[in-house]
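To keep things clear, I will list the structure first and then write my remarks on it.
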Amino acid sequence: MTDPILVADAIDVRFGDFQALSGFSLSVQSGTIHALIGPNGAGKTTLFNALTGVRKPSGGSIVFDGHTVTRTSAHRRVHYGMSRSFQVTALFAALTVAENLRLAVQARYAAEGWVFWRSPDRRRDIRDEVDALLADTFLTDRADTRTGDLSHGGQRSLEIGMALAGRPKLIFLDEPLAGMGIDDVHRTKGLISSLRRRMAVLLIEHNMSVVLDISDRITVMAAGRKIAEDVPAKIRTDAAVRTAYLGSTA
Amino acid sequence: MSTQLLLFQVLNGVGIGMIYFLLSVGLTLIFGLMRFVNFAHGAFYLAAAYIAYAVVLWTGSFWWALLLGPAFVAILALAIERLLLRHTYSLPHEAQILITFAVALFIQEVVILLFTPLGHNVPVPAALSGVLFLGPYVYPAYRLAVVGAAVLVAIVLWIAIERTKMGSILRAGSESAEMVSLLGINVDRVFMATFALGAALAGFAGVLVAPLRGVEPFMSAEALGIAFVVVVVGGLGTLSGALVGGILIGLVQSIMSTLWPEGAQLMIYAAMALVILVRPTGLLGRI
Amino acid sequence: MRATKRLPNLATAIVLAALVVLPFIVPATLASQIAIFATGALSVAILLGAVGLLSFGQGLYLGIGAYVCGILVRDAGMGLLSALLMATLSGAVLAGLLGSVIVRRHGVYFVMLTLAFAQMGYFAVLAFKGVTGGENGLSGLPRQFDLLGLSIADPLSMYGFMAGAFFLVFLLVQRVIASPFGSVLAAIRENESRSEALGYPVSRYKTAAVALAGAIAGLAGGLHVIFLGFVPPSDIELEMSQRLLVIALIGGIGSPGGALVGSAFYTIVSETLSEIWPRWLALIALLLIGLVLFLPGGLWSVGRRISALFERNTTHD
């Protein structure tokens, strides 16, 4: 068995007196889809923030692809191979869909962002990548739309596209399907499922049927702690999970 | 430097510091609640100082000036908040900065229009025109009175903020204005009152300092600069920040004026630069 | 600032035409001042328009550029272009140094610090009056300058030089805005945390932008000294920072051409009104309030709205 791409060990995150995460440990294998589920307030997004460098943990360690990144800045972690989508859509609303993606792709070519003497359009390779991403996320026909004018489902798809542009080794998807219509959900589920060929996926999602369908492994959180972790079939019948959810979605 | 000189300089520095506190506290209060920096702060200081000059000239009474200066400026602030600022709260914070900057420019020009660009002296009130002897040093009584007034203001404000209902609204509002409005409190009115209070405090400082330095139209820029340094050093948004920042800057100025008089002003700003390098949020700041 | 796809474009043509026509409308000396302050205003506009950083302290770098240029020309006998290059570099270096400290501060803190550092510059000039001449400024500079053997002493040649300098900076700013670097600045302006999440080292980009703006202001300072023949301490006073900001806002920060429009407006108004009514700045203040509330794009955006009207009338969907 290969080494896991991500190992988080005993993560603590405290907001003043409030303990958002307690001694949380997680490991994610390459080429798998690992889901994080749990009731609201369980600390899922906080965990994402700690793992991606948006919030430094008060305790524990994070090792990604052999690098210790516990206190590394967010933008450095991107260069190590992490990429994330956001729960609350945080796109460049005034820019077009294509420009959003182009910026995401451009970020990977660290030197390109410092070029100030010619137009960005000269880079054929970046344009081609953007076209591929547009196709992946079914946004080709809306490439020149102002992102703020996009439908909610379109914005969620673009979020995933932005995260994919980083060609990450591990992609963090925070409720990618939230508020999507049934067709979008179906297509996006296919997209996420296909990702396991190229990377590892860590997924927060409330849509239980999708989670149970595409995940290789599920971790259940409540009140900042891990209460269960196993393959979908076992999680489905776990008593502790039932209790934590109390009126769970299906 | 002899210990006596050092002691005097320290006391003098604390005194200057309290005056700087008085100059800055209005700015920090407005920021604490309304989350923007009032670039017209120096202009309110200026306007009140000139009102003091005019009132003393016409009535001979400094006490009237002390009342009318801050009152006028508070009313001016209310008008500005209602007519102009209110429309900018949904805009990015640059809009408030630019509007208050434009207001400051306007006020400065009006002052020059009414009073000419030349500076004027404002006589010290007769009751406080004596001197005190501290060892071999002569200390003007009025200056001591101003320091005393500053201390009084600090105490009153502290009590008002920490112990009264209005104060707790202010404190809650600085955490979350949204929450306060959800509790049924009219946030608009709280904003208006805070802006007026901040202006009044700036005005109060302007009137008090007028007999010490005289009045001239460009003192608004200088006052704004000092206020900025004080709140950057002490931490923006808190009373204690303005106090700590003010005293520290006052000490720097006092000590520097004996060691390197030409560089005293520069050292104030250098001290600020040092503080932000070491502690970017200011000594007591939270943001 | 909005990037345009094809350069040179209509804005370039308008600016060039305006620069050519200017000395026929106003006296050449006034036209030189317009060009100089347009250059200075560009340093404000590029920070605010491209990155979203409001600076009340570009006058500091203009002042540094002015003093460096003045000292090098007078005491080191440096030639015109080298002195201007040093002025530009000094602006860039100082801005880079100060910028690296203050770009990590957000929102109002950044703005306050720019003002505080501007004040600091002024007091430094007073404190070291042995070098800077204190309140008297620096005099004793040569009044004749040669550009590659040609004298630029007469007002029209002087203007030609100043206009040329502005135009070059204008082209540079246009190019930078429409480049990958400019696109990153735009991203930071639109959504800083997203930019960071994508992997851009935001602080480094902001510092670079601040340094670029400092360079432009430093150049403007050097140009001012060449024009005046001495170094006035007012170049580093807070009023200069405010003037550049006002000019940038009046002209509009959405496009680099706004700096020229704003400078022309401000300079001409100040020249004509100051004879009639010395307190004309009060009107500028009112204009500013109006702009912030009703026309944030400045005067340049009026032009754009008019042209947008034409487009709507000629093309039908």
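Quick notes
In order of appearance the chains are A, B and C, and numbering begins at 1 in each one.
Assume contacts are C-beta pairs under 8 Å (C-beta built on N, C-alpha and C of every residue); 3 or more make two chains touch, one makes a residue touch a chain.
Just so we're clear, the structure is a prediction, and the values are computed from it rather than from any experiment.
Relative to the centroid of every protein C-alpha atom shown, the closest chain centre, again from C-alpha atoms, is found for C. Comparing the centres of all chains, each the average of its CA atoms, the largest separation from subunit C belongs to A. Chain centres here are Cα means. That of subunit A falls 43 Å from that of subunit C.
The distance from the centre of subunit A to the centre of subunit B, with each centre set as the mean of the Cα atoms, comes to 48 Å. Averaging C-alpha coordinates per chain places the centre of subunit B 32 Å away from that of subunit C. Against subunit B, in their complex, subunit C makes its touches with residues 48, 54, 56, 101-102, 104-105, 107-109, 111-113, 115-117, 119-120, 123-124, 126-127, 129, 238-239, 242, 245, 249, 278-279, 281-282, 284-286, 288-289, 292-293, 296. Note for the complex: subunit A touches subunit C at residues 52, 54, 74-75, 78-79, 84, 86, 90-95, 99, 102-104, 106-108, 110, 112-121, 123, 162, 165-166. Those residues of subunit C lying in contact with subunit A across their complex are 5, 7, 175-176, 178-184, 186-187, 190-191, 193-202, 205, 208.
Residues 31, 36-37, 84, 87-88, 91, 93-95, 97-99, 101-103, 105-106, 108-110, 112-113, 221, 224-225, 228-229, 231-232, 236, 260, 262-263, 265-266, 268-270, 272-273, 276-277, 280, 287 of subunit B are the ones that touch subunit C when the two sit in their complex.
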